[in-house]
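Can you keep this structure in mind? I'll have questions shortly.
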Amino acid sequence: MQRKVLIIDCADAPGLITKITGVCFSNGLNIIKNSEFVDNAQGRFFMRTELEGETFSTSLLAELQAVLPQKNRTRLVDAGKKRVVIMVTKEAHCLGDILIKSYSGALDVEIAAVIGNHQVLQPLVEKFDIPFHYVSHQDLNRSEHEAMILERIAEYAPDYIVLAKFMRVLTPEFVIQYPSQIINIHHSFLPAFIGAAPYKQAWERGVKIIGATAHFVTNSLDEGPIIKQDVIPVDHSYSADELARCGRDVEKSVLSKALHLVINEDVIVYGNKTVVF
Amino acid sequence: MQRKVLIIDCADAPGLITKITGVCFSNGLNIIKNSEFVDNAQGRFFMRTELEGETFSTSLLAELQAVLPQKNRTRLVDAGKKRVVIMVTKEAHCLGDILIKSYSGALDVEIAAVIGNHQVLQPLVEKFDIPFHYVSHQDLNRSEHEAMILERIAEYAPDYIVLAKFMRVLTPEFVIQYPSQIINIHHSFLPAFIGAAPYKQAWERGVKIIGATAHFVTNSLDEGPIIKQDVIPVDHSYSADELARCGRDVEKSVLSKALHLVINEDVIVYGNKTVVF
Amino acid sequence: MQRKVLIIDCADAPGLITKITGVCFSNGLNIIKNSEFVDNAQGRFFMRTELEGETFSTSLLAELQAVLPQKNRTRLVDAGKKRVVIMVTKEAHCLGDILIKSYSGALDVEIAAVIGNHQVLQPLVEKFDIPFHYVSHQDLNRSEHEAMILERIAEYAPDYIVLAKFMRVLTPEFVIQYPSQIINIHHSFLPAFIGAAPYKQAWERGVKIIGATAHFVTNSLDEGPIIKQDVIPVDHSYSADELARCGRDVEKSVLSKALHLVINEDVIVYGNKTVVF
Amino acid sequence: MQRKVLIIDCADAPGLITKITGVCFSNGLNIIKNSEFVDNAQGRFFMRTELEGETFSTSLLAELQAVLPQKNRTRLVDAGKKRVVIMVTKEAHCLGDILIKSYSGALDVEIAAVIGNHQVLQPLVEKFDIPFHYVSHQDLNRSEHEAMILERIAEYAPDYIVLAKFMRVLTPEFVIQYPSQIINIHHSFLPAFIGAAPYKQAWERGVKIIGATAHFVTNSLDEGPIIKQDVIPVDHSYSADELARCGRDVEKSVLSKALHLVINEDVIVYGNKTVVF
């Protein structure tokens, strides 16, 4: 028996579920799990269906197209195991969490390579027999540096690029190469404290809660579709450094949870938002 | 346009979604929101579908029966507005929260009457022009007392009975009259601290979190299907009284959230569990 | 035996705790609970001490001044029971929660009066035999309207003014009359979504968590010292209206918790922040 | 300048804070951070004071004894860096999290050695150049096995022993060797689901929240003083395996947080409880 996940994103219309599940049924496919969502404000229909069957007919997608509204985005994908390249700077917490979870099987991810603009994390990565590429930005302008990184990434043909505390802003030229494939962890409960030094900002503002946000990267810094957010309570006794220490714990936890959702094909991006089934 | 919610609970079988949604579609009904769940361990299928249409044919349920496995439990219900009788003893927090939420429209509930085995909450209830019935248990044995309460309840024909800190255990003879219709708030994060004085137990155990549980009442005390649970962090500095004060806040919040789910027809009971869509 | 709370806010200096507790001890006062905090970044010392004794000498504060750095802010206050005036517009949830908690003793507050710029909440307030003053802003400019409200408030000499969803911005001239005495509930997890329609903003941004913030009001809108914040998880399936419904639950809960802290004299304001013991 | 933490646990008495801080002040020690707690129900006083000074006089503890009630437990310790031995069986998540946090400096712990009754985690441990000792329980009775483990532990003279999913129950003879020094992570929100297979129990009970508990080990299984607890929401759609997967995330997070508190000398054990400052 094979399993696949059918993802549909199209204009809403009457009878869609009947038609879609009818095609699946007539193909001898059993529905293991099914989720739908209609954004009534935008008249848009989303569906994620886990299917099981002896074989998946090569005509399945064509049969579905015949019953779906035009301009639909329909995909038949495998949940689980994704190939990623991780980009880092100097901080170990997010990278370390992914390394351990990948090693222990808690996160179904193949880390093809890690790229760093500093070298400090190389020894950690190599403990796990994963290639580390040091691509310094020194003496390079931004587009030269990005070109070198893109070249490295291309060798590995990853499903996703994970920015695990990569502390440089990517240009639109970079981002456009991997639409909805670059996942960033933002050290803040977006949209609060956009930009640099969020824990210092949080400390100055005297907030009682801090958080982190995992999101897809788009051209606008800190503005891509949010996948996952979480927070922890803090109080007046936390210095900016202690806020940062606690923040790192939330960051790594939120990033891992977001990756789990993405790997499992639970996330559909639309506009600047996500549906997370 | 009318709206109804179709609730189905049956043995799992291939093609159920297609068949069910096909019947809806051929009846001219539009699916506003759809949720399914299959308990693979037990081979059981659950579905909740919000339908909209000009009319709902009287033959709809019969048409569905024709495509469903036998022994299914299928209901066509109205989400929203339910009629409840609330039972109380002396504590105001859960009752007060429901009164205010009902008054302000935050909870779509008609409070038909409140029954108390003490009189202290009568003035509060009467502020809201709701009948309060004082049914003391003094000089009565348990079955005599319950008989008097049941008689009162019967007058109002409620959809649900809410035990808003009613501090007496109901007998199986009482409970059987209203299967899956009696909702209790238990002053503990079940299954911890079953029974009396849970906050004292929690204090003695030195726990760092306390919680509350809203559940349907079955014959076994504290053992019915759980609808909603929530917790709050506490620490060593809380006395048993302060734990109780914080606990009351969680209790009322959990009970209101459970009621909201039940009113909205989001909850399906099966065995000793719930599916909460 | 009497109980008082000593609140000290001064420049940090060596030996402060010894000196302060020494004065208390030599006055025959027993320390029931003691909390200190030093903001090392600003060299500032904060202390909150619950004291118990047969009598509190009239010279106690003078004796403390003799051992404290100059320009200290030292107060001897009673924890518990505070007198408040509540200001509202049309929404019942925060007001209702405070009314019920005051009625049941869960919040140690005397609601001297409620002032509304609309009349819709008058019947609710009067159920609890509390005066409601309708002060419409129609045909008045802002300063005329505020003058009428201030006149009403002055009659009651409240300890605090609670803005329980009062939907108008107060002028600096108003705020300056009650420094660190006006408590607002902001319908957002500040500093995200400052300003109007935060739930619509949150929906558009596709956030996965929403929250609320209780803070003292200062001249800058949405910028006063934060007392309490809390959040709840949400997802793509929430409409802007459903976000608002859930948000109201967080709002009332956060406001009540903030009031409990303020009433208990657990909060010290300094700069644009709070110490919350 | 040196820093030390003074920990005091004694009968409550008037003037304790003045006397204790007086001794500190007369020794030229500055108080960086101070926390007290009185358990009024038991008449017991707890204090944790971070002190800074040029030198710490050898007579400091004797001077303190002169002002404290008899039978006090007074310690002058260093916050930070502790030496631990970790005991494991087969699961990598808790061990992996501690390894990474130790490596990156997020947890101020020296992992002297890891002892496993299975060999599967040896390669992971050795990546970090930490000795792994495989001490199988096969063909040994319990006391023989424990004797071999105790011998290994003794070589390293650890401050604490961390049971990072060590799946065997320790005998009282073992535990008594390291009183309040053995920290366990229990795969449940104690006191719910005591004993084996808690996630299966949780699934059968249909709970809506699962959690984990870090506690010191005493003679009674699952009954030692709780250091830290945390929970996550779950729903009907989680299988027992998925509950376990989410549970592992809470387990590792709770264990790391508990270790951080213990390392920082924030935890005082008394009776079967803890004070966590």
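Which chain is which? They are A, B, C and D, in the order written, and residues in each are numbered from 1.
The working rule: a residue touches a chain if its C-beta (ideal position, glycine included) is under 8 Å from a C-beta of that chain, and two chains touch if they have at least 3 such contacts.
Bear in mind that the values here come from a model prediction, so they are computed numbers and not experimental data.
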Counting one step per pair of touching chains, how few steps separate subunit B from subunit D? 1
Considering A-D alongside A-C, which chain pair is linked by more C-beta pairs in contact? A-C
Inter-chain centre distance, subunit A versus subunit D - centres from mean C-alpha coordinates, in Å: 35
Between subunit C and subunit A, distance of the C-alpha-averaged centres to the nearest whole Å: 40
Can you tell me which residues of subunit A touch two or more of the remaining chains? 40
For the subunit A and subunit D complex, residues of the former touching the latter: 91-93, 96-97, 99-101, 103-104, 106, 124, 127-128, 245, 248-249, 253, 256
If you look only at subunit D, which of its residues touch subunit C in the complex? 14-15, 17-18, 21-22, 24-25, 30-36, 38, 40, 233
Quick check on the complex: what are the subunit C residues that touch subunit A? 37, 39-41, 189-193, 205-209, 211, 225-231, 235-237, 239, 272-276
